[in-house]
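Labels run A, B, C, D, E, F, G and H following the written order; every chain starts at residue 1.
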Amino acid sequence: MRSVLTRGSVVIDVEACKGCDLCIDACPPDVLVMTTHEVNTRGYRYPLLLPGCTGCKACSQICPDFVFQVYKYDKPIEIEVAE
Amino acid sequence: MRSVLTRGSVVIDVEACKGCDLCIDACPPDVLVMTTHEVNTRGYRYPLLLPGCTGCKACSQICPDFVFQVYKYDKPIEIEVAE
Amino acid sequence: MAERELAMTGIGGQGVQFAAQVMSRGAIAEGRQVMMFGSYGGMMRGGNTDATLVVADGPIESPPTVPRVWAAMVMHHEYWSFVQQQLRPGSVVFVNSTIFRGELDASYQVIELPVTDIAVDVGNIMGASMVMAGAISKATGLVSLDSLLGAVEASLPSYRVKHVAINHQALRAGFDAIDAEVAPAWSARVGA
Amino acid sequence: MAERELAMTGIGGQGVQFAAQVMSRGAIAEGRQVMMFGSYGGMMRGGNTDATLVVADGPIESPPTVPRVWAAMVMHHEYWSFVQQQLRPGSVVFVNSTIFRGELDASYQVIELPVTDIAVDVGNIMGASMVMAGAISKATGLVSLDSLLGAVEASLPSYRVKHVAINHQALRAGFDAIDAEVAPAWSARVGA
Amino acid sequence: MRKIEGLTVIPTDTAPEHARLVDDFTPSLIDVGAHNLCPGCGEPIAMRSLLEIVEELAVIDRAIGVFGIGCYTAFSNNLDCEVLQALHGRAPSLATGVKRAKPNTLVFTIQGDGDMVNEGLQEVIHAAARGENITCVMLNNGVFGETGGHITAATVMGQRTKNSLEGRNAKDHGYPIRLSNLIAELEGACYVARGAVNTAGNVAKTRRMITRAFETQLRGEGFSFLEILTMCPTGWFIETQEAPDYLDDTLAATHTIGVVKDTAAK
Amino acid sequence: MRKIEGLTVIPTDTAPEHARLVDDFTPSLIDVGAHNLCPGCGEPIAMRSLLEIVEELAVIDRAIGVFGIGCYTAFSNNLDCEVLQALHGRAPSLATGVKRAKPNTLVFTIQGDGDMVNEGLQEVIHAAARGENITCVMLNNGVFGETGGHITAATVMGQRTKNSLEGRNAKDHGYPIRLSNLIAELEGACYVARGAVNTAGNVAKTRRMITRAFETQLRGEGFSFLEILTMCPTGWFIETQEAPDYLDDTLAATHTIGVVKDTAAK
Amino acid sequence: MTAQLLEGSDAVAHAMVAAGCRFFAGYPMTPFTEVLEHMAKLLPPVDGVCMNAESELEAVGMAWGAAATGTRAATGSTGQGLSLMQESLAEITLAHLPLVVLNMARAQGDYYQATRGGGHGDYRHLVLAPMDVPEAVELTQLAFHLADTWRNPVMVFGDYYLAHTYQSVDVQPIDFGPVPVKDWALDGSSSGTGRAKLISPLGDFKQRDDVGYDLSDYYLRCAAKTAAMVAGVEPMIDIGYCDDADVVVVAFGTAGKYIRYTVAQMRADGLRVGYARPITLFPFPSEAIVRATAGARRVAVYENNMGQMVDDVRLAVLGRAPVDFIGGLSLDSSGFGIAPDYNVDVLRRKITAVMEASS
Amino acid sequence: MTAQLLEGSDAVAHAMVAAGCRFFAGYPMTPFTEVLEHMAKLLPPVDGVCMNAESELEAVGMAWGAAATGTRAATGSTGQGLSLMQESLAEITLAHLPLVVLNMARAQGDYYQATRGGGHGDYRHLVLAPMDVPEAVELTQLAFHLADTWRNPVMVFGDYYLAHTYQSVDVQPIDFGPVPVKDWALDGSSSGTGRAKLISPLGDFKQRDDVGYDLSDYYLRCAAKTAAMVAGVEPMIDIGYCDDADVVVVAFGTAGKYIRYTVAQMRADGLRVGYARPITLFPFPSEAIVRATAGARRVAVYENNMGQMVDDVRLAVLGRAPVDFIGGLSLDSSGFGIAPDYNVDVLRRKITAVMEASS
């Protein structure tokens, strides 16, 4: 187990996603990953959020389909992750 | 009496002239002068040739109305002018 | 409704268009309605310059160009054939005798005047048409002399206002050169 | 002159347009004349994709879209209502039973086949429409299997030629999945 | 916490507690977020930035957008900002009419490279030469995206398009026009810059350029011009993931990113 | 010898004896010398130079001139050179069609600043960007001469025209476009120069530029562009005698005379 | 009255300003040029804007933009210039914007273009054709009223004579009554309110879900709007001496003035001839033509072109009487070949020939 | 025969090349785009030139230039694009140049523009309207023949369906017989000979003295040339079942194909209805329409617009029978709202209504 400092989080509108991957590279701490099998009803893969989001808005700013809502925690939280 | 060396001459199509004066300034040896009273049938003043033409073609090259024909003497001639 | 058609012809430099404007404005000042269509061949000197002037007591029925005219003002013979076709027996024809060379049908009421000479005398070579306008005023009363005098300034481009005086002289000279109203414009019912 | 109209409907990704082209070229190879009009809603995945295919022994009289069809190929129910309106009693309806959910009028001659499953079996998910084309060949003889096989390559974009084999497999699989010519296209005189 | 595909995944279907919203799904000046532009298209990204800056500058009640014709036209009836839809290539003249008739407005055009460098090249150059106090924005993806990816006068050498599949070559298609650089030559042009939306960093940089361009107009200095390089995976015939790098390697190699001219800066 | 107005005047009504003709009235490629352009107009001077160079280069049997619409159009049905008359502003596209269909021809356009910088700005810029192997010639007098001397996009600041009688000012009319300099920015443009016909010296200099421009095309290098400043006393509302100096002081002060670009020279 | 001597183009410019026109954009072309020059002089003093556009395409675009702000705007040109504007003239109609377009034509060869629309699609413009300067002063002002009333472009179809003839006129603003408020006009103030305005030739509905413009729906509504306009606009015509006329001559614009004059002269000579002069070319005064020609043995159409309005006359008369085309292309060679060549004597001969055929 | 499956735009491109077209210039616009793409592929291999013009104005200009060299050239577009070309399309006609113009229209709203000419003046283009791909292959080749024969632009009027329908066709060059030698074509060789060639919309006479172009003379000669062309071109029409028909339905292009099909079905059901499908929209086959409708109680016109060709039908029938307009604007909302929406059942209902009115 290790704990990851997480300053922010996002809400992902999975159905709006068109699976373009732009958010993945855009995310500075690299906490967005695309699904590999799961697709939305239109058949697109979509991003998942891992611990460590900083609430930097890079994803929401670059997503062509307005899939993200970005939040900042009032104070950072620690999230436990299994190695 | 003084004599003026004259290397060339021009034929002036008086009726074609529109009296713009461009040839007057263009003539290097300054041997073209506009009439002061005489006008052609369309009412335009036109140029007269004085001794000393060099046959340089400046007038024919700048005349917008193609009024000049320029000649060069086989050998320069002297023309007597009264002071 | 009486309409008086005056055909004018001359060559560039005689001031025909200017005269047409002065007469038009003069007539308007007298409460009449006016139509004037001028045509001139390009910018070249000595080109043709014509004008058709129609003066009426009411709305103008005449189109810009008319087949027959009540009177004509002939400043030069060069391009006058078109005007000639518009003349009919009885038409009053004012001729610039200084310059005009040509046949004049006996059936016209011809009034000859050396307007170019007169203009030169009053020292205004360009004023030949003004002289003629004055003459027409006296001979027909189409437009009164006062109205013509009053119309000069408005017809000159701003940078030419200094020329008002000499044009007034020309008008007066023409007016004085005719002794009587020989062809009244507004008594009988002539023309269409 | 007999004309056989086949209405095709499905969603993006099922290869409906490709199948329409293969059947068209196959029919041409057999000396028949063909008209094919496809329509698809934009670039988005899962969008509708329809096609009208008309095969005839002579010049095509049918316009690009027809009111009644001899047969239909229904790969998906999402947008099939338009095709439904073109069916009439006796129409032969080929249905992709793996996916299709909907009402089928008893008056139709329905032929159900799990073409998507079959396509997956032959390892060619995109080949469902090819499977169906093979089935239609066997069941109606609209176009012979050989002609279909021969038409595959010309219907593939150059950079896809390597896919010829798997499409041939799909066609054969569909052909074999039907045991007899239950609705001959060219015997009786059906449809206008 | 739940595990998806073997990863510790944060639930992202509802808003987290003890947290404040810092960026919403759709910018408030866009009515409906859903649109039918392609996956990975750069144009919605540029639209978002532009409209957010209009809000930031607090000039929304004076803002009028004049749209050209291209894929971006999908947004012209989808904004909570007044829109005047122009014909293909004609936006700068319409914007001129609007601005001259209503000088207190903030007027900007949204055009593509096809719209501005092909069909309407003359319009934008004349507007710039006049020093028209408007902001013209070009979304440059080097292709006619809407018609299916055809070559434009901005397509760079070697770029593959539907009608230059072997890449643009000088003999058949000539050379690309670097419009920002051309506009910058004109006395009437006060602010000229070229940005891009292929990376988060470039988006941020581009937002600063947008701000400067609008400020130039608001100060009444004269013509401001903004070129934004956008991804068009469809028209480039590549995968959406490859688009950001492709933009750097091709478009941006000819249409260099950066401020080209800023008279106020001097 | 006779005396006229007190001067010794050489008779000029007939050819002198013992002399050879070195320059005829009308250049041989102009059918009729008489034309109805204004006194002191610079355009006939430019036409003469152009046509004489075509002859000098001995390419007359391949030459095709494509004319725009302006006062110079008076020459389009008056040449012993094949002419394709274009609409106002469209000459570069027609020239492109001619050249692409018949690559062995020498194709040049004759346009004015109104034709080229106003109505057809986009045509010439696109042709230049394509590196079209033609020569476009602009007779620049800074006005629409034919319509009576109205302002164009090339009219210089302060210049008086019929609709800028107080002189061009930035607020109402914006700034002039220096087309040669703009064209020179384009990769496809190989030779770009600006001459004038207001003095015998400038005419000579311009003739050398014309030669270079045509040579560029004949060598198949690409787009060549020639701007020639011409007098328009009528549109400038000045006397014909004042025109040459007025050209130096106004037009040439903004549209600088000289070779702007020559890729072959490098 | 304080009449003054004004050249037609000057009078039209004065009329536009009197009608409240505050934006004008144009590009010089004879005989339209003078209108542009006069507007450049008249607008600034009344805080109006006159743009010397760099081309006709840009002129119509600028006018389009100004019109979208609710400003009374106009543009125009001649022949070639108007042809260049066709795309914009077609689409600005779909954008439902009021715009006045001056066609200072040369002769009458652009009747089809004006009445059918030279652009693509089914749009229509209202077209007014004055016969002389005083009528132009009236119709030009009416044009702005109609444009605002129907949110549709209105064309004033003049010619070389209208532009260049001087006449004594007294230009006063005419009150044609109220027009709808321009609640659609753009000024930025509706931005950010949740109902920001949209002006577009592609549709007037804001997007719902991910469906964008719906052209199939919008074009139908545009067609309906056009139909309503055509039904709502009273066609105008000037008719004279038709009651007992054996022959009725139809002509418009300056040609109409010549025909009026000629017919009046023939009447004075006791000939049973009448004239009908359509003032609105679109909508075409078909019913009035039907009535005016009800008793005629023959109908003659004079226009200075190869026969265009004659279609509309035939569509009105529809075989009830023979319709002879007595017009033709006739240009004045002195007027640079662009002014129509009218001659009352020639017209009289043409009409007489028709009368002979009719008896 | 070696028939192949070709999309309409591809077939038209093949037909152009078969007809000897060696220069094409265009600018993308649906549904014209594909023609441009196909020409870009087909021309280089035959040493032809296909230009991706930067705009429609430049496209028509390039085609104009190529046509002037005697090369068989073509251009085209759709709706907006063709409107932009109107100035050039009008004037290239005065320049007497052969040019083929493809109007890959969306629906049928551009009938007026095509047949009256959307540009200024009295010019006319020949207009051919194929009903399907095979006919398009024929008419496209005929277009080049007619263009060269009459030195006049010829338009091929297609639509969305023509462009996008695949059909089995065998494109072979068709021999329409000889065309006049192009002794007017430019290549520079006449320069310096004392009689250098001139191609100009302003006139074809070289200057005499200091008189330049004489428009008043030239425009008259152009009008005469147009009249000769109209007299010389045989109007084409496809007529079916008209002899004993109570109702004759007139329609063109794809709509014509739908009407043919519908009428054939109604005939099969014993209904006395016929159809007339103009193939040349200009010159319009008026006499043939008169003959085809001689016995009809009513005539119906179907077009996918607000009523344009109906004018020409009424001008032909001229009141001898009522002419009902049964068309209207109807666009397919799936096809981006630009494809006409045709439905045989709907057409049948419309025709049936007319038949009821006729009895």
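Rule of thumb we're sticking to: contacts are C-beta pairs under 8 Å (C-beta built on N, C-alpha and C of every residue); 3 or more make two chains touch, one makes a residue touch a chain.
The structure displayed is predicted, hence computed values, not measured ones.
Trainee: So if I look at the partners of chain A and the partners of chain F, which chains show up in both lists?
Mentor: E
Trainee: Can you tell me the least number of steps between chain E and chain H, where a step is a move to a chain it touches?
Mentor: Minimal hop count between chain E and chain H: 1.
Trainee: I'd like the Å distance between the centres of chain D and chain H, where a centre is the mean of that chain's Cα atoms.
Mentor: About 35 Å, centre to centre.
Trainee: Go ahead and note the Å separation of the Cα centroids belonging to chain F and chain H.
Mentor: From the centre of chain F to the centre of chain H is 40 Å.
Trainee: With centres defined as the mean C-alpha position, give me the chain D-chain E separation in Å.
Mentor: Between these chains, centre-to-centre, one finds 44 Å.
Trainee: Take the average of all CA coordinates in chain A, do the same for chain H, and state the distance between these two points in whole angstrom.
Mentor: About 57 Å, centre to centre.
Trainee: Which residues does chain G have that touch at least 2 chains other than itself?
Mentor: Expected reply: 54-55, 80, 87, 91, 213.
Trainee: Hunt down the residues of chain E that sit against at least two other chains at once, touch-wise.
Mentor: 34-36, 38, 87, 121-122, 126, 153, 173
Trainee: Mind pulling the chain D residues that touch 2 or more other chains?
Mentor: Where chain D meets two or more other chains at a single residue, that happens at 44.
Trainee: Name, in rising order, each residue of chain A that touches chain E in their complex.
Mentor: It is residues 6, 8-14, 16, 18-22, 25-26, 28, 33, 35-38, 44, 48-51, 53, 55, 57-58, 60-75, 79-82 of chain A that touch chain E.
Trainee: Please output the residues of chain E touching chain A within their complex, sorted ascending.
Mentor: That would be residues 1, 4-5, 7-10, 12-16, 18-27, 30, 33-35, 37-45, 48-49, 197, 199-200, 203-204, 233, 240-241, 243-244 of chain E.
Trainee: What part of chain E is in contact with chain G in the complex they form?
Mentor: 28-29, 31-32, 34-36, 55, 60-64, 66-67, 73-74, 76-87, 90, 92-102, 105-106, 122-123, 126
Trainee: Taking the complex as given, what residues does chain H use to touch chain G?
Mentor: Within the complex, chain H touches chain G at residues 79-84, 86-87, 90-91, 105, 109-110, 112-113, 116-122, 213-220, 223, 226-227, 305-306, 308, 311, 314-315, 318-320, 328-333, 336-338, 341.
Trainee: Mind listing the chain G positions that touch chain F in their complex?
Mentor: Going by the criterion above, the answer is residues 27-30, 33, 36-37, 40, 52, 54-56, 80.
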